[in-house]
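Let me give you the structure first, and then I'll get to my questions.
For reference, chains read A, B, C, D and E in written order, and residue numbers begin at 1 within each chain.
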Amino acid sequence: MLIGLLNIDWGVITIMLPLAGGIACVLWPAMSKPAGLISVTGVVLAIAGLGWRIMENGTYRHAVGGWGAPLGIDLFADGLSLVMLIMTALVGLGISFYAKRFFSPCDAVRFWPIWLLLLAALNALFLSADIFNLYVALEMTGLAAVALTALTGRIDALGGAMRYLLATLLGSLAYLLGVVLLYHDAGSVDIATLAQRIEPNAAVWTALGLMSAGLALKTALFPLSFWLPPAHASAPAPVSALLSALVIKASFYILLRLWLELFGAFAEGVSMLLGLLGAAAILWGSLQALRQTRIKLLVAYSTVAQIGYLFLIYPLALVSNGMAASMAAYLAFSHALAKSAMFLAAGNLMQFGGHDRIADLDRAVQRLPLTVAAFALAGVSIMGLPPSSGFVGKWLLLDAAMSQGRWDLAVVMIIGGLLAAGYIFKVLGYAFTQAEVPHDARAVPAEMEWAALLLAIGAILLGFMAPQIFALIHPDLAVNASEAGTVWTA
Amino acid sequence: MDGIIFLQWAFDAVLGLGLLWLAWRALNSSDLFKAIVLFIAFGLLMALAWVRLNASDVALAEAAIGAGLTGALLLAALARLETMTDQNVSGVSAHPAHPPSPTPAGSRFSRGLLILLLSASTAGMGYAVWSLPSYSTGLSMDVAAHLDSSGVSNPVTAVLLNFRSYDTLLEMIVLLLAVLGVWSLDGLPPQPEKPPATVLETLSRFLTPVFILVAAYLLWVGADAPGGAFQAGSVLGATGVLLLLSGWRPRARLMQWPLRLALTTGAGAFILLGLLTLLLEKQLLAYPVAQAGRMILLLESLATVSIAATLAILFLSVSSGHKMKTGKEEKE
Amino acid sequence: MTNAFLYAFAGIGLFVLGLHALVVHAHVLRKILAVNVMGSGVFLVLVALARRSGEATSDPVPHAMVITGIVVAVSATALALALMLKLAGKSGEAVLPGKHND
Amino acid sequence: MPMQTLYFALALFLLLNLCAGMWRVLRGPSTADRMLAAQLFGTTIVAILLLLAQASGSPALRDVALVFALLAAVTAVAFVQRVWPEDRESEHDRD
Amino acid sequence: MTATDYAAACLFILGGIFFFAGTAGLLRFPDVYTRLHALTKADNVGLGLIVAGLVLQAESWLVAGKLLLIWLLVLFAGACVAHLVARRALRKGIRIWTE
């Protein structure tokens, strides 16, 4: 029976289950909440099955339609996509339980089908090995994210959603033009086939530039992050958590996948630029976050800053020694957990006080202990204090930067950590003080507080599980991973 | 013989320049209504470009969607925009509404920088395209090799519905997402329209059966000639648009679960068939060769219904959407 | 020497024209038109370069991709128009709120 | 061979005709003039498609022409019903 | 070049002339109504002549039937649209041009 369980096609189920769930929600709106929760828990189990299958017999490859790579489309999952899938499932589960109590019935009917289709789009994106299929999955993710951002119908949400839609369409078209050039240069859109056929000529360089620009715009890398704060700050709390934790990681994952498989060998110049923009993102994002007076805008600018850390992978020549995939996945996972916890905590504070002005938090710590604890624990991981996963990720980055003599990046990382501490403690400081104008407070359901707290605790616990995560991505690098573990315990 | 070559080159040159000129005028015209009419003309020329590039399937899709829906959608959106912002958006006027934003001094420099950057990237992309080998067959050899076991003889339908059917599944979901997104904004407007003028009544009354016949023909011919689900769905959608324009509104009862069923039937069929083939053939969407043709036809007909319903509802929501929510969703 | 490269250059021209208009104009409807023109440009390059495979047949895979792309573009345009109208309904004008971006 | 030349020559002539009609779209004082020009483009495109279908011998182009012939009405009706509704007196259409 | 080819060639050229007349009318005429008249001329007669020429060249009756169907559709749609636009223009108060 166990073997039967093993060779079930879990990858296909992680995509088909949320699709079927989404369609069930559309067909039967009254049942959208239970159907949503069942689908999300089903996805978590399916991904566990996929993880088990990958541990047993290596990378997972499934030829859709039975035609095989160059003609048909392949689903492919290795350690990197598995960790991203686990991230999507766990953060998605936490957000789903939060959303169960957050939305009014009429909003819930609209939230659940779009959220399930977004979850299916993310799973399809992390499992796809075909660059045109990635374009269609990117469009799916973009449209679903925009529809969710505009759910409340307020002016700032609509403005943010409109700007986000135009930015994401521009990013997708730039990426698509890159796909066109690659297809006509190498005659295939399958990543594995492309890897063997392309060599650095004018068309491939232009495709690299276009795809990097398009995906950087969708990941809101610093100069192209104009659209992120208004969209993430004005969306409803669970949607902001989804956007910051999962949706921008999707385009980051595609850029990383293209880098590892196709462009890594000959793209030093562009990786320097990406590193530079990443460093600038850290500084600019953190400084902007310090200046904000509203929690959700502060957390949104913190996302722009933390994205900078993710892009420091490129200049640190990690691609050559194989640490890039595991480092990026780990940092993305830790940021996803911490950032979703922060946004959910901000949502609780907004529901509690009716506003999210930092200055009037008015003794939130006495009245909402769990939420402020969640915000604090998530802040610990964002700042990068031990024992959190943020610390382990940033420590490994710092270690790599210093071992390669990149003192400039090391200094930027440290300043980024200090600035992060600045804006986290600014919020926590106000949470402890008495605000001048006391105002009535509405009760916040327990599930919503526990959802935020559990995600924050997850961000901390991930710090302890660093060796397992690294072992998942690079079984052969196990020794290096345990050394990473020892580094932390030392 | 060289006479024809010259004429063909002249045709392509005029078409290419016409496309660029139309796009430039449409995007920088002083008045929004003129911009939309130029954009509709641009869509017409695009269909000609596809024809000149031997892409009859794409020309059919562009014709059905471009002429049938995009033009009507933009005109309806402009009309609602004008009533909402009660500015003079369309028609002739001394000071054209929404002139392209005047360039203050500071941004003239940034405008120049932008032009410089764009022309550099144009040159880069142009060189990249020009450096591509002048003869390459891409995947056409693979498609031709497997065409006989794909169940249809039209290569484009074989790619869309069999070789890359996973893309088509995701794309049906994109259509569903668009409807869900538009519904979550405004709800479905059951707005009663005035009975149309007699001529419009006869126009829609006569054209509707012809539309449905042509859509069925396109769906059927799709197996071995340009046609197929998307083109047929778009023509059927255009029928819905014409009926909606001439004042017809589906009965409220029809707008509840029957509409939802129509919207999701395409994607649902793909998922069910996919899981079925996963069980039987061990591969997602791997049709057994014997029944491939029938399965593709089933998928295409359900997809046609879904695409038509989606496009019609998108037009209805955009063209006459207002604060009214759909009745059923509000009750529970 | 087929007409592939002529239409490919026209496609690139459309892409850049659309990008310029998307960045320069403030009115959202113009931006939506610009995105549509850019999409047509990319599809034109995709199908034009497929024409390089000899006289009779041309590569069907790009044609299938473009049909998928056209349908995705229509649904994105419909959502963008609905969003613009709701924004205009609430704020009285169809321009992105806040500072005019770049 | 001369028939082929005639087809392409006529197709080119109609295309130039179409571009000439563009001027009316640009200058056309009232919205109706612009829509009329778009209507004429629709018919001209149908004629060009039929000629190209005969010249290049691909019957599919006739289906494209058929679809264009059908859908030309949809855009025009959208213009009449939506941009020019009866009740709203839009003063800007005087010319 | 057989007899039918010559006949078809004449029909094409005549059709082309009518299209040219339609476009010239669209550009030169002073108001909406006269331009509408020119436009519909190009539709039914210009396209009609070209379709007639193509019917002569058509290899099968099915093709000929399809060509005629296309022409009839254009005729029908063109007539209805012309009527709608004219009636709505009149009601909108667009004055008829009088020298």
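One rule holds for everything that comes next: a contact is a pair of C-beta atoms (placed from the backbone, for glycine too) under 8 Å apart; a residue touches a chain by one contact, two chains touch by 3 or more.
This is a predicted model, so every value here is computed, not measured.
K.L.:
Looking at the contacts, which chains touch subunit D and subunit E alike?
P.N.:
Neighbours common to subunit D and subunit E are B.
K.L.:
What pair of chains has the most C-beta pairs in contact?
P.N.:
Top-ranked chain pair by contact count is B-C.
K.L.:
Compute the centre of every chain as the mean of its C-alpha atoms, then state which one is farthest from the centre of subunit E.
P.N.:
A
K.L.:
Mind checking the centre-to-centre distance between subunit A and subunit C? Centres are C-alpha means, answer in whole Å.
P.N.:
About 28 Å, centre to centre.
K.L.:
Please work out the Cα centroid separation of subunit C and subunit E, and write it as a whole number of Å.
P.N.:
Result: the chain centres lie 32 Å from each other.
K.L.:
Express in whole angstrom the distance between the two chain centres, defined as the mean CA positions of subunit B and subunit D.
P.N.:
So the centre of subunit B lies 19 Å away from the centre of subunit D.
K.L.:
Using CA atom averages as chain centres, what separation in Å is found between subunit A and subunit E?
P.N.:
So the centroids are 58 Å from each other.
K.L.:
What are the residue numbers in subunit E that touch two or more other chains?
P.N.:
Expected reply: 73, 77, 80, 84.
K.L.:
Could you list which residues of subunit D touch at least two other chains?
P.N.:
18, 30, 35, 37, 59, 66, 70, 72-73, 77, 79-80, 90, 93, 95 - these are the residues of subunit D that touch more than one other chain.
K.L.:
Which subunit A residues sit where two or more other chains touch them?
P.N.:
Where subunit A meets two or more other chains at a single residue, that happens at 132, 136, 139, 143, 146-147, 150, 153, 177, 183-184.
K.L.:
Chain pairs in touch?
P.N.:
The list of touching pairs comes to A-B, A-C, B-C, B-D, B-E, D-E.
K.L.:
Considering the complex alone, what residue numbers of subunit C touch subunit B?
P.N.:
Answer in residue numbers: 1, 3-10, 12-21, 23-27, 29-30, 33-34, 36-37, 40, 43-45, 47-54, 57-68, 70-72, 74-79, 81-86, 88-89, 92-94, 100, 102.
K.L.:
Given the complex with subunit B, which residues does subunit E contribute to the contact?
P.N.:
So the residues of subunit E in touch with subunit B come to 73, 76-77, 80, 83-84, 87.
K.L.:
Can you name the residues of subunit B that touch subunit E in the complex?
P.N.:
197, 199-200, 202-203, 206-207, 210
K.L.:
Please give the residue numbers of subunit B that touch subunit A in the complex, ascending.
P.N.:
Spelled out, the residues of subunit B in touch with subunit A are 124-125, 127-129, 131-132, 136-139, 142-143, 146, 162-167, 170-171, 173-174, 176-178, 180-181, 183-185, 257, 260-261, 263-264, 267-268, 271, 274-275, 278, 281-287, 325, 328-330, 332.
K.L.:
Applying the document's contact rule, which stretches of subunit D touch subunit E when the two form their complex?
P.N.:
2-3, 6, 10, 13-14, 17-18, 20-21, 23-24, 30, 32-33, 35-37, 39-40, 43-44, 46-47, 50-51, 54, 59, 62, 65-66, 69-70, 72-73, 76-77, 79-80, 84, 86, 89-90, 93-95
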